[in-house]
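Two complexes come next, and they have one chain in common, chain A, joined by chain B in the first and chain C in the second.
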Partner chain A sequence: MNSKETLYSAGLDIGSALSKAVIMKNRTVLSSSVRPTEGNFSHAANTVLNDALEKAGLSHSDLASIGACGLGASFLAYPFTKITEISCHSRGVNYFFPSVRTVIEVGNQASRVINVTKEGKVADCIVSDRCAAGSSRILQIIAKVLKVDLKDMGPLSLKSTNPVRFTTGCAVFAETEAISRVAEGMRKEDIIAGLHQALAARISAMAQRIKLKEECAITGGGAKDIGLVRAVEGKIEKKLLVSDDPFITGAIGAALIAVEK
Partner chain B sequence: MEAERKKKKRTSAKTLQTAREAGYFGKKMLQNALKAREEGRPTAWSMVTWWEGELIAKAMGVELVFPENWGAFCASVRAAEPHLDRSHGEGFPSTLCGYARNCLGYARNMADNNLEVPPDAPGGGLARPTFLLSSGAACDARYKWFQALGRYLEVPVWTLELPHTGVKEYFLPGNKEHNIRFIVSELKEYVAFLENLLGKKLDWDRLSEIVDQTFKTLRIAYEVDLLRKAVPSPMVAQDFWSIMIPHLYLPDDPEAYEFYKRVYDEVKYKVDNKIAAIPNEKYRMMFSELPPWHTLGFFDEIAERYGIALVIESWSYHAIPPIPEEELEGVTDPLELIARLTYRMWTGYNETALEYGVDPGFFMSAYLKWAKEYRADGLFCHPLMSCRPATYTLLHTGNVLMDKFKVPSVVIDGDIVDLRVFNEEEAFSKVEAFVETMDHYREVRKKEGLPW
Partner chain C sequence: MFFAGLDIGSTITKIVIKTEDEIWTSVIRPTGAEHRRLAHKLMEEALQKANLTFGQLDYIIATGYGRINVPFADRQVTEISCHMRGINWFFPGVKTIIDIGGQDCKGIKVNNGKLVNFVMNDKCAAGTGRFLEVISEALGVKVEEIGDISLRSTNPAKISSLCTVFAEQEALLRLSEGVSIEDILAGIHRGIATRIYSMVERINIEKEVALTGGGVKNVGLRKALEERIGFPAVVPPEPLITGALGAALFAQEYVGRIDKKELETRKKERRLEAVTFFGEGPTRGQNG
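So, the complex of A and B:
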């Protein structure tokens, strides 16, 4: 083992929508890569890892450890440490914001509210199980219905003056409802804002069960949507910290935990 | 290949030799009932009535089978789905009790087969009953379940009522004795029903023998529970869910009593020699309430991966702590003894419930008592999509455990029978994160001076 090998670690978060990888040297992020998974976990994982390695000027053999989380982690072909997303996001947020004790993660498969220790370990956790309406998947579904780019959803939501009230808690019915509202001539801004309110209400209900701590952060794909972030803040009546790149939080946590293990 | 084998393994590996042998009692019940039917002797389908109805039926020579037990068996061999689909086709909702749906689907199949056992019935099937024994204990769905069954099977249904006393009410002067008298009067009516249906008189001496044997079996089953407080744990829930069959369904059977003596000896030997059920025991968890029978191998997996031993579990299927001797002094009427036994099952933890201010006493307070006694690091909550009684107290129990003892809980949704609502990967993910939570609260308990 050369000196290089002992220093570098990789973290991967292979989600159902996006695959993310980071390369770290000790506790510093050297590079990262994010790309759509497109249903091929193995290919996406290899691509983001190779891309991140290339950006860092390293090769696979330079890595002392690889940690991975996410739905597609099991498809990795090389040796790695498999870690749950809950732990990875906790550790990842702790990396960005050491004072944060509650993490709200809005991912494509599920939303989670996690209370963390000062070391970034999981103290308590609530997960929205098997429900697209409780995850950021619903944002993608409605973006498609409204023919809006996902990255524009947040800014549009903030322009709403009369948010639509979604009457259902189910993604399938919410899609139907959004189509009906479009047909009725409702503004896209108001439909998106209504959706954000509905998702925020579900997240807030989970947060109530876990007892939010003073400092809170939001991460995962949902954290990229400023409309959703503001809606959640309104519901829980707290300011949410958002890192510069919430997509890679889980991957950073995976890299850090893999080193420890 | 090894990975594939593991992935396909769904049943649990029992750590006790006696637990591996306990399946015999389930088969024995099913076969005895089929034989009785063949020979023209009376048979019945019974709910778990916590012994009040079963013992009297047995004294009348009735061979009993238990659809709840059989539902768990069907789920464990993954043979429940066709029954669930049949039940769905009959219009029963998917939120109805999984045991009920399994049983109703089977009854529909029986009705289509001239009320005889269908040839492909799992485990040989439930024999055609002479009557159905229902109970108001624990669960609201059970009233309508057997009422509907009676219509499919064209047999009479008898329902036993059981008072569910609130915790404060339980301690009111005279309340307990009033309830005991009520249960005895219910049992007398039940005896009259059986005598009328079967055309013979109850043999009271035989009933006394059965009651006596039941008390002995439950006593030793309770003593096994006490042994389980040892660290490391000598047996785990995967064992209990097998050995509970004899004491829950056949406590009157001398063979069950002899079996339990062997269970006791085996567990005692492991305690004396500090032999752990889980070789790498690192975390001691309680389990509430009923397990996913279709995926019990999950618990072996979390034992292996994380060193999690489920040290105590499923309150409602354990033998209740014995009735104080002074309460039984001078009581010779077997009906009153039965009434006191069953009532004790539902009120035996009320002292604990009063201490911590929780209600209902059952379904909650056993876990509060056990957390300390069994040095629990966490509670594994398994809310059942189709079972309100086993679910509605779980979150509150978790909150009280955290508040009083800094013992955290993890919630893994599923169902006893319906495997379609259990997400195994997600469950592993939650448990892995929960290991960190248990570590955290060990530190918290230490700081707060709690003894474990």
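So, the complex of A and C:
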């Protein structure tokens, strides 16, 4: 690659809940777009890419490469390079924080703890994708029960004085438990904080199995929730770096890796 | 003589009143949040149905997850023992019992009517009745109907998620891909059967196998389980009341150990009273 040449690339991360796209000019993010996937991968993938292109004032023919990761990546109508989510998140975090060697990703369908090299390549990885109680999905389920906007969960959680103890590790049973706690008159703040503690305990248990490095970052939808981030920090006893936009980390990684291929 | 068994499950409460030889009457109702009041109300209902008075009951045993909330019971027995005893009454040769409840699932090993071993999942909704409820709600079908619908499947869908939440999402995804609801439900039943099978297999599934609990009322799940086990299983005529029946059978056994005088004193002291809660007026009770 000639470094003087201007090169436009796109990166997509088509997840089970959200579809994200970024347009990059060399190593700079020009534009991004995030929209709910809503079960229609094909529509979401193509819409989110076109939207990002439009924001950047570019058209599809300007793109030198497209990289994509996520459950619904294969539904994209254009030719692209398929990359694993793990590689994309590692690389994306490396883009924001070159010093980070451990990435905790909390997604809608899976949570991952990834040790990365200084180039942002995957060194070691643990994935939990069997159970909704270990992913950010449980946050959405409980937000719905409590009739709280997802983006308010974090700030509310920080106001808790007496976090509720969840006795179950199952998202479905946790929903029932949350309903019972509400009926008993427990404060929403305390229920949310209890949920964050339970999810953080799961993530931390997973992180224990891989050796956490000095510099750690958290990404994925879960990183948008300050209550969860603080709870995980408490459990792993480390400070976590959070990028300004954790949603698009994977998409940035996808764009960067695709350019090199 | 009359013996009563109450099984307060997480989802459904059951009462069985039996005589020395036969089931006299049974009542099945959803469990609410307030077990105590429900136990009282349901007992009244059962007595009315049986045309008995409370004083005619010689011994009462409570079982199930809400068993401590039955103030008028003479004794509590675990649901594992009660299921075993209930099944044993119908099928004395059974060695393995699989109970699929509303919020848990158990495997019980029996030898000559004695408990040998058991496994249980109450930590995760997968493999329990709750899983079936969530899926049927997501697909917009009544939970009572999903078994029959699944039997019409010609090509069961592959549902790879074990987690209820993820399986629900997978089912909806298949639906959007144009897979028929019959095939999705058949896939769902296969998935849950595999989950239950692998749990119970840890205590070694041995013939004869009995299936019980509300989950077995679903013919699709029953068929999927039998396919997984590799041979047909026996199912009691009303799989919901196995635990309550077992409790009533234990009641009968305990009465045999007490002398008549003590039994009469006990019965006189026993009260069927509505339990009241803080901050509300008393509800009407009925003395025995």
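Odds and ends about this structure:
Simple rule for what comes next: the second predicted complex is superposed on the first by the 255 of 261 C-alpha atoms of A that agree within 3 Å, B and C clash if a C-alpha of one lies under 4 Å from a C-alpha of the other, contacts with A are read in each partner's own complex, and residues count from 1 in each chain.
The criterion applied here is as follows: a contact is a pair of C-beta atoms (placed from the backbone, for glycine too) under 8 Å apart; a residue touches a chain by one contact, two chains touch by 3 or more.
Quick caveat: nothing in here was measured; it's all calculated off a predicted structure.
Steric overlap between chain B and chain C is present once the structures are superposed on chain A. By the document's definition of touching, of the two partners only chain C reaches A:Asn40; chain B does not. By the document's definition of touching, of the two partners only chain C reaches A:Arg137; chain B does not.
Once the two complexes are laid over each other on the shared chain, residue contacts for A:Phe173 go to chain C alone; chain B is not touched. In the superposition on chain A, A:Glu85 makes contact with chain B only, while chain C stays out of contact range.
Of the two partner chains placed by superposition, only chain B is touched by A:Lys121; chain C is not. In the superposition on chain A, A:Ser16 makes contact with chain C only, not with chain B. Common to the chain B-facing and chain C-facing surfaces of chain A are residues 130. Across the interface of their complex, chain A is touched by residues 33, 103, 123-126, 130-131, 134, 161-166, 169, 172-173, 176 of chain C.
For chain B in complex with chain A, the residues that touch the partner chain are 395, 408, 410-411, 413, 423, 426, 428-430, 432-434, 436-437, 439-441.
Taken together, the chain A residues at the contact with chain B in this complex read 83-87, 90, 110, 114, 117, 121-127, 129-130, 209. Residues of chain A touching chain C in their complex: 16, 39-40, 109, 130-133, 137-138, 141, 168-173, 180, 183.
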